[in-house]
């Protein structure tokens, strides 16, 4: 796993284990001998885009460093229905105590990657990016944004601190798009681009005039998007946003805009079906 | 909010705010004056079962204790499409910085309650309970199980520590259902019932014979469930589990079993559409 | 140590070490060379039931992973006065800095196990269980309940979350035992038994009639306990509680009740005498 | 409560509450209405020295700031058997959920103060101090040392960081008492006195010669203590330590030594009997 | 204080208080009565740019919410030598226990603001920005970057996560500036500008050709900077960096570059002289 | 590193890494392959007293345990300008992500050691100690006090908990030096010396008369210090404090006082110049 964010992911994993284990796995500890070893298959029960296999593996190693996960597939791979993703070996007590937490991560993240891929398949990725939003599950953003990348999507800003997005309330408070942009330029680091959310073509023109680097087209029609593209003439990045579905994304992607943000890939992906089955020997 | 778990929920909220805010809301702090006050409507954009309105409110009060949320609806209520859930008043900077985090909680939890309600509406709640599972989003279990209750469902055990569920791997390691039950009875507190997961009618008979308090019928057919009910004769609780859908739950609920556990209500509920709109004055 | 609660115990250990070490062991670091190795005996200075030897060992390994503890006895064993429990080897600085914290755990937990055993020896464990209460030292419950098991006792519920105990104030607020039980049955998970605390024989009858699974007989006389047993006829578990001593437990255990809870085994056990002696070579 | 250590005590309290409450007080939340208010007496059921009444109170205010504790007695006071210590008013749900944790603190700390007082009553406090040791319950040292003061005792160093105590293993590693003292003097802050543990009269002489400020007389006889006093002639403080009991402390206190350290007052005090009784109105 | 980063600053403050107070302010608690109130002047003993007055105030309110700080000056103001910055009122015990920690923050942050101002005074701020670096004191970055702004400087990226800076080692690993830029463009969010560090004029040309948004001129001469400016022709932002001093910044600022980063303003600012004097009444 | 405070230092390191890395090193992770290994020189670019090399090394091992630092010099050594301090080997991604944090520690701590040494070189260390104060950077005291020792200085008390210093406000509240000392003696552990801060010769006399162990001479002239020395006649330790500079320390050190405390060595040391240079192979 990438060392630069490993400590954050360990916190998420430890928190999840503590949530499930509390003062102990009362069933397993009463029945299973601590010396008992076992082996289990991790099995895709539908076709998925895999995401989170390292998190899955680390759940077990945080519990018991001697549990080993050997993988056949890597994050980002398509795993066909019925195929083994990998084999887990180690103490039965650790495997049974960690199973549900590990699967909860893997099924959730692979669900996001799998749904993202469905959106990406509708567009030409050489011309336009499917990107995520901040509509993520509280506490899991770093993992969910990772899963989006595994599904072929890209990330928007991580949070409120690493990207500038001037929204309608900011504009209203500042008085106008130009005034909001002036305040931003006078204050923020030079390392960030400035994106402005606009609701109509007039907004597109004002934002370009005021020196925006990118424009979020909020709930615009395909017709308006095309108009925005012809106004922009490549001077700014254009992001389509708002209510985009698997049905509408194809047409939107052909308007010439650069980015399509889809909240549903993180906030409404269902878990995919993956199971862990102990192998009788 | 219930004082007995408030400190846990505050941790979840603070963690989510930190995730989104990091070293600060760079756009808002550059544009909005800290003295600016505002007002916003919280609006249901589809019919929902509300869940999480106190969490929504507390996100803002953790950021800025002077932000006040006045609610028209309470958790568990049906909010029709287009109706206001409440009004938020306070500093604009606090409202804009907390908005996304607060909505992420509310949309996710109301999504769970709304989906749970759809399952509950298919059954006769005086005869059978729809219950949740441990297939929850890592870190949010306490809130998701609360949302299930708001949707008319009930909770299964919280984690591995507050309920006993003897699964196939436990049985295999112990040698038999009877041996597993004997080990449990010799070790665990008298305050917990003992539930056994079985895969066939023979398992039902063995579990009853060995003194189980409840039996989880794993992926059984409706015919098998009926047989289990007639064997049990009210001596144990029977829980149907595995692949239950909105289509199948009605028929299952009429077999005479006592509990129907549905993983989908927590692991695959989509976010519902709720928005926060600043009121121009 | 059991992997399912290891992270919780590590938090307790780290907290204890931080309490004692603060910004450093000023005496040891000024005098002892960091390369100096040593060896020490862990010695029982009275007959004890051992509990906490893995915690003792882990205190050192949290400080310095190269310190090794080799044990002759295991938790639950009787260690006669004057016998070595084990040998510790490693850096002197780590051994001296961790000594007091490690012994504080071991002497406290072995004290609980040793006292528990004295109670257990007064009863016939095939017929009745000595159980603990929630009267534990704040922050150490998971370890103290473990020590009770090492002394031959059993655990009651861990906390307020994993067992139901309806007390007089709950009954008063609900209006009656039956009403309190009805509320509980309508709300709580099916995985938990329901225990009711009663103060007289009338309470026993009401609780059984209302469907309790277990009844706590609060401060009843031996005569009343016998009456409760004859009323219950095995339909519910009966727990004797309140002011039970080493003198009274024997007679109580013969009444036919199932469980005897003793607060003193956790809240009033004295530390046993164990010392760590550096071996001169 | 003293503001300079309040944040530490809040951590201890929050940890204890979390231990007991976990994901919630399942009995109370199912039965008690959140609007129900109540009142309870805090009652001494034996004669005690009170210690921890502010901690007791703060347990409730951490749970629910509107619960109020009005006290008749203060820490350090003698409370006779059968007297009310105070009255608690507020929400029943908060009172019932916090009761056990609050009492666990109060009974444990008052137990320490009460036992300390018994030792102090055997000596002339104008001539000699009863002091504690580092043999405290892991995680509770700050509170236990406070309870010792409430019982009329004094504190030894808090931990390994705020006092120097050269023990036999330090002396062995340094080569001699003089060499150990020389190393200490060359390294440690000038704000700390230097105490040396010795086992015989020869050690007393060496320690004084090498410039110790205080000497711990480890397990010496009364006769040896007297000899040490006559050698010291007031040039160093003398601390008696090791196996001191209520029977032996009186004679020891008359030897002329300055300090008597007693491990038992913290590691082996039993909880005193205090109860919280809801007042029916 | 800005609500969007208050929780982070509270963590820093609490950590600092815990560092200084440990298990308690032993001198103050032994001498000062907890009911004693007092008043103190906060006094500049040299001319300073004030930064951190809200942190100063919050140190006290975290300890004791009833301590109040009334300020004559605000962050960013010039306070002349000998002038009062404000008045503190409240309990003496809280004031004495918090004094050193509060002053350590204020003197350190005002030191940074004061030094930053000296650099800013050498340049024409309408044409060029003095910016900070990541050479900050570990754990205090959010406060130090705030102090830079109070001194009239601007911030560079906060950390490795909110800005892109391609350095020589990145270029070496990628093979060339163009290849490094291509990788960045293929992976990172569209919200971030891309800055490249170059060591010579050739690098400037390559970076512009490859589509960089900004270029860091590492340790270039004034002559080279001018050449870079004439090559850039406003297409990219140019940042001068490396060994810039109060002597050299003036000339550098006139070359036409846009940004001058100065590590010394954070890593080598001395504390300014501010004292807190209790007012005798 | 000393095991007795390692866990505290790990917290400081982890906090610093989290501050810089946040949700990830966006530049490095986009460009550098996780399998790429490298090697870098750690190079002194001016003459320094080294302090913090173990912290430097541990920053990398916390990120990636396979990164190894081999050192030529140890803390406390003089490293001449242009000499290599050591070699770092391991994954490039870990080295680049940890570089700035590791250097920030090393440059800051070596800065303190180097400045301390300059003060120490002005005095005769066999007769007088240069000591630090509590004027340290919030959160880094344990490291900064370590750096002072590496520079040949000594430590004063760590915080408010491990040393007694009676200041003017304490004296004012108590009524007189004697009364303040009496209160202290009646309350605090016998393990701590008692130091009193005085402003004039009269204070010196009173403090000695009242039984102080040490006296802090606050902002006294050299003449007054000599007078204090002649009054003290070795009965108490004398500490010179207040505005001591590299110019004045020499003369002060010859007055016969025992300790000279210098705030500047911690609060105003500049970072020294140390760089990490990847070695091309």
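A few notes on this one:
So that you can tell them apart, the chains are marked A, B, C, D, E and F in the order they are listed, and the count of residues begins at 1 in each.
Rule of thumb we're sticking to: contacts are C-beta pairs under 8 Å (C-beta built on N, C-alpha and C of every residue); 3 or more make two chains touch, one makes a residue touch a chain.
Predicted model, so just to flag it, every value in this text is computed and none were measured.
The minimal number of chain-to-chain contact steps leading from chain B to chain C is 1. The two copies, chain A and chain D, are related by a rotation of 180°, based on C-alpha atoms and rounded to the nearest 5. In terms of C-beta pairs in contact, the better-connected of the chain pairs A-E and B-D is A-E.
The chain with its CA mean position farthest from that of chain C is E.
The two sequence copies chain D and chain E touch through a face in which the numbers common to both fall below half of the numbers used overall.
The distance from the centre of chain C to the centre of chain E, with each centre set as the mean of the Cα atoms, comes to 52 Å. The distance from the centre of chain A to the centre of chain C, each centre being the mean of the chain's C-alpha atoms, comes to 45 Å. Each chain gets one centre point, the mean of its Cα atoms, and the points for chain E and chain F are 22 Å apart. Multi-chain contact residues, meaning those touching two or more other chains, occur in chain D at positions 4, 21-25, 28-29, 97, 141-142, 158-165, 192. Chain E contributes residues 14, 17-18, 21-25, 28-29, 34, 62-64, 91, 93-94, 97 to its touches with chain D in the complex.
By the touch criterion given at the top, residues 12-13, 15-16, 19-33, 36, 38, 92, 96-97, 100-101, 103-105, 107-108, 111, 134-142, 158-170, 172-174, 180, 183-184, 186-188, 192, 263-264, 267-268, 270-271, 278, 280 of chain D touch chain C in their complex. Put simply, chain B touches chain C in their complex at residues 4, 129, 131, 154-158, 160-165, 189-193, 195, 213-214, 237, 239, 258-259. Listing the residues of chain B that touch chain D in their complex gives 2-8, 141-142, 158-159, 161-162.
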